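Each chain carries a letter (A, B and C) given by its place in the written order, and its residues are counted from 1.
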């Protein structure tokens, strides 16, 4: 097993190299000058000043030298300085990453809590009205632009009903101190009940908006995967032996059916991480998605590279987890075969 | 086999409803130039922000009201269906062709070809989608074609992976072995024997992706990278009208195209799910769009 | 499964009950702003919102009143002692938020940190060129400081509100990086906390000297706490305003003003901004190398109609690029709408049949661009609109590859050189029309480097505006108003043209 993990990690290196190189190349080819953009559309800026900033951030260096420096920096754990924030990229990402991870995990949780039961019901009552309703409802979320759904949620729950805060991660004044950056965890560690509830209240709408797509996917996957297992021999055997249908489903079929669901979810958590820029903007969620949008708009190369690297590492990591969980949970899959 | 699939599909009322929605919208898009009541690109500034016919102060001249430039909203939605649906189709066709071709080659050839293609797929998959799209849009400049490239750049990988794994499974099948034994060249095996067998799943993936492309275009519009004026897609109309969403004077601008996009994407997804159920109940693992 | 449902329902029920709202004894004003601060270091940014936020914790030597006058703040008075030397007499009894007295050393430290290279964590302050002719500062005594410029720099006081004074003792003690996260200043509010990307929290500094005597009331701020909340999405910002979560929301789009005004709890306050809008033409390429064509474009655009219909009347037409609020504004008559004249000029220039052109712009100008394109088509110019992402468009414009650009440029100092140099001087970074005029450059040079005589400078800039008007390197459009949504509980605040939100004098009634 450890050999397998090592080999998989070895495979990750060319992927990460590829990603960093592509992002470098893209940024090199994409028009836009970070220094000109940084200076804004107002005020006098001398040419010397622009040259100086370019020099100070090493932007006047040849392409390969910049790439080499970046790789060297990664090895030393240094991702460079952000041009717009003028602070180390690693620190900026460290501040924003927990917000995104917390949002992503929470929305995955919502998706699971809703989608798996719904999927089971749809499968057990296949082709009945319950199945139809379940299918349609699960597809509703994935049929709307995310920002539109988010804005409607705000309109309903914050402006009209006034039961949830409009946006942000936490209100000021609950006495919550930032420790891990995962605010739910921080509130628990500090035993701060009101802060915990406050953070939850802020999480609900963005997490729901983000989870809509995953909910649909999980529900459909649970349904079809369960259908498949229900027809398999051992389930039939169990049923033939006179077991009650609900027990058959829960005890035998579901456990096996959830396997592909779990792996798919692990993979899709990565997709959620990379796809939440829109939701983060609508809900003013101070996460990586908004940081990266800012970075791209201002061509803050060091910051873009850093963010892309984090996304890529996360993706590779989650892939590994998915494969491992597959091999661990399902002894029929031989180690090393992987799943494709 | 095909007959069974068709029967299964026909029994699925939801899928039929989805197909109906898709057909209706496609018809709308095809006929757009002849059925728009007003010029969708030109407005009369003195008629801006007129409410829909059924709302207070509305008139039947502009059934769904006008936007902030005095353009007829119904005409814009009908015209926008052309852009959105054709974008969805073009992107998906492109992704399917590229994905199937590379998936077949990757799975059948194996060895370093497979490794190279799969590492490229890995790199693309590890790339956050929107960064890639934004960079590509910036790189190639705005426009329909470039948006197609930006949206398709990463998307073919899904099809590629699925087709590859199916090819791997089929490679050892008896009929392929037989063809190889009788001296068929690889190209012939790929086209005559493998391709027909991977097409159904590729079609299902493609159907489920059309809606995703339409929504993705809306997300790009939200980030300010939409289709070029005076044309507008559903996504651009929704994104541009979103600031009016809470306003008594203009809520319709974003709401009606929102309903249109919703019905179309829902229809497409129901249709796709029905196809999936009908064609292959085991094809379960289409990953989530970002 | 059932248990899950129960847990879930309990959770939802718990969420629906607001746990907050107990700390209402503390008067907290919340501002919804569209971008977060980039840093808490007033010497290390070029970013409008950062200045808006920091302004409440830091003061300058001088400040600008909401109607644009330059008045004393940390300085009591100033005089020019020679062509290139200014002496500022500082206010006595001012303290930093840690209680340390403010002195001339702090001013010297701030100026040197701004204008000398490599002074902020090894990097040079990006605000250097905002003070460019200033080369050094010398403390004459603890409350007197001398600023030295390389050339006569008559506009110095207008630029100084943008240089916020930083504490020498503190920066030297904690270092630049730490200072940028936990600053202290001399302003009415002291720093409390910065949740990045989300909010900046500050509380009243009770030892405040009171602020500029020219902007009454003088004394500590009435508010206990101020929070700047970051809400980049316009719809969300307005939702927060309507939900009562913020008291002031920036950048309200004109079409939404009636809606907010109709809310009994809210009002919209507007002020003429300092950004001039224009349609730039590439003067180095035909057809815009012919001044008649450029004038024709000016005549072809019905600025009043656009202002009336698209901007709801919330903009002022301008004859050149200068705002009417500038003390150097020359009251020329704008070209005005005259399509006949436009056609005649086009014909005279040999374009009787018109020509095709693309108007390049950014998304927020698209609607205006479409209207202008329509107007140009009326006189025979076949105009299309192309919307770009700014990073790409800026690169294209700098390379001189585009023909027409619809955009705007800020002039928060309201000094002519601050906008004429970047927009109209040969090779400068904002000169997207590729304009080059030795007459104009000579006049700017005269006003900025040769003389300090106010009358000579005034005349020079009036002639300069006439030159710009005649050469018409752009179609001159307007200065737009900026609108803020404000809760009716907020008293004592009015928006400032340079988009600062100073909360020193503001109070919140129940």
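Heads up, the rule we're going with is that a contact is a pair of C-beta atoms (placed from the backbone, for glycine too) under 8 Å apart; a residue touches a chain by one contact, two chains touch by 3 or more.
What you are looking at is a predicted structure, and each value in this text was computed from that prediction instead of being measured.
K.L.:
In terms of Cα-based centroids, which chain occupies the most central position?
P.N.:
Central chain: A.
K.L.:
Count the C-beta contact pairs for B-C and for A-B, then tell me which is higher.
P.N.:
A-B
K.L.:
With centres defined as the mean C-alpha position, give me the chain A-chain C separation in Å.
P.N.:
Their C-alpha centroids are separated by 36 Å.
K.L.:
Just curious, how far off is chain C from chain B if you go by their C-alpha centres, in Å?
P.N.:
Result: the chain centres lie 42 Å from each other.
K.L.:
Compute the distance, rounded to whole Å, between the mean C-alpha positions of chain A and chain B.
P.N.:
Their C-alpha centroids are separated by 22 Å.
K.L.:
Could you say which residues in chain A touch two or more other chains, in rising order?
P.N.:
30-32, 147, 151, 155, 159, 281
K.L.:
Quick check: what residues of chain B touch more than one other chain, meaning two or more?
P.N.:
Residues 134, 138, 242, 245-246 of chain B touch two or more partner chains.
K.L.:
Find every residue in chain C that makes contact with two or more other chains and list them.
P.N.:
Those would be 235, 239, 242, 389, 391-392.
K.L.:
Quick one: which bits of chain C touch chain A in the complex? Just the residue numbers, please.
P.N.:
Touch residues, chain C against chain A: 1, 4, 8, 11, 14-16, 18-20, 23, 28, 36, 38-39, 44-48, 117, 120-124, 126, 128-130, 132, 177, 180, 193, 195-199, 201, 227, 229-233, 235-236, 239-240, 242-245, 275, 389-392, 394-396, 398, 407-412, 417-418, 421-422, 427-430.
K.L.:
Considering only the defined contacts, which chain B positions touch chain C in the complex?
P.N.:
42, 45-46, 48-49, 68-69, 134, 137-138, 141-142, 224-226, 228-230, 242-250
K.L.:
Using the touch definition up top, name the residues of chain B that touch chain A in the complex.
P.N.:
11-14, 119-120, 122-123, 125-132, 134-136, 138-139, 161, 164-165, 168, 211, 215, 218-219, 222-223, 235, 238-239, 242, 245-246, 254, 258, 261-262, 265-266, 269-270, 273, 276-277, 281-282, 284-290
K.L.:
Give every residue of chain A touching chain B within the complex, in rising order.
P.N.:
14-16, 18-19, 22-23, 26-27, 29-32, 127, 132, 135-136, 139-140, 142-148, 151-152, 155, 159, 213-214, 216-217, 220-221, 224-225, 227-228, 260, 264, 267-268, 271-275, 277-278, 281, 292-293, 296, 304, 307-308, 311-312, 315-316, 340
K.L.:
Please output the residues of chain C touching chain B within their complex, sorted ascending.
P.N.:
Within the complex, chain C touches chain B at residues 234-235, 238-239, 242, 253, 255-256, 258-259, 262, 305, 309-310, 362-363, 366-367, 369-371, 374, 385-389, 391-392.
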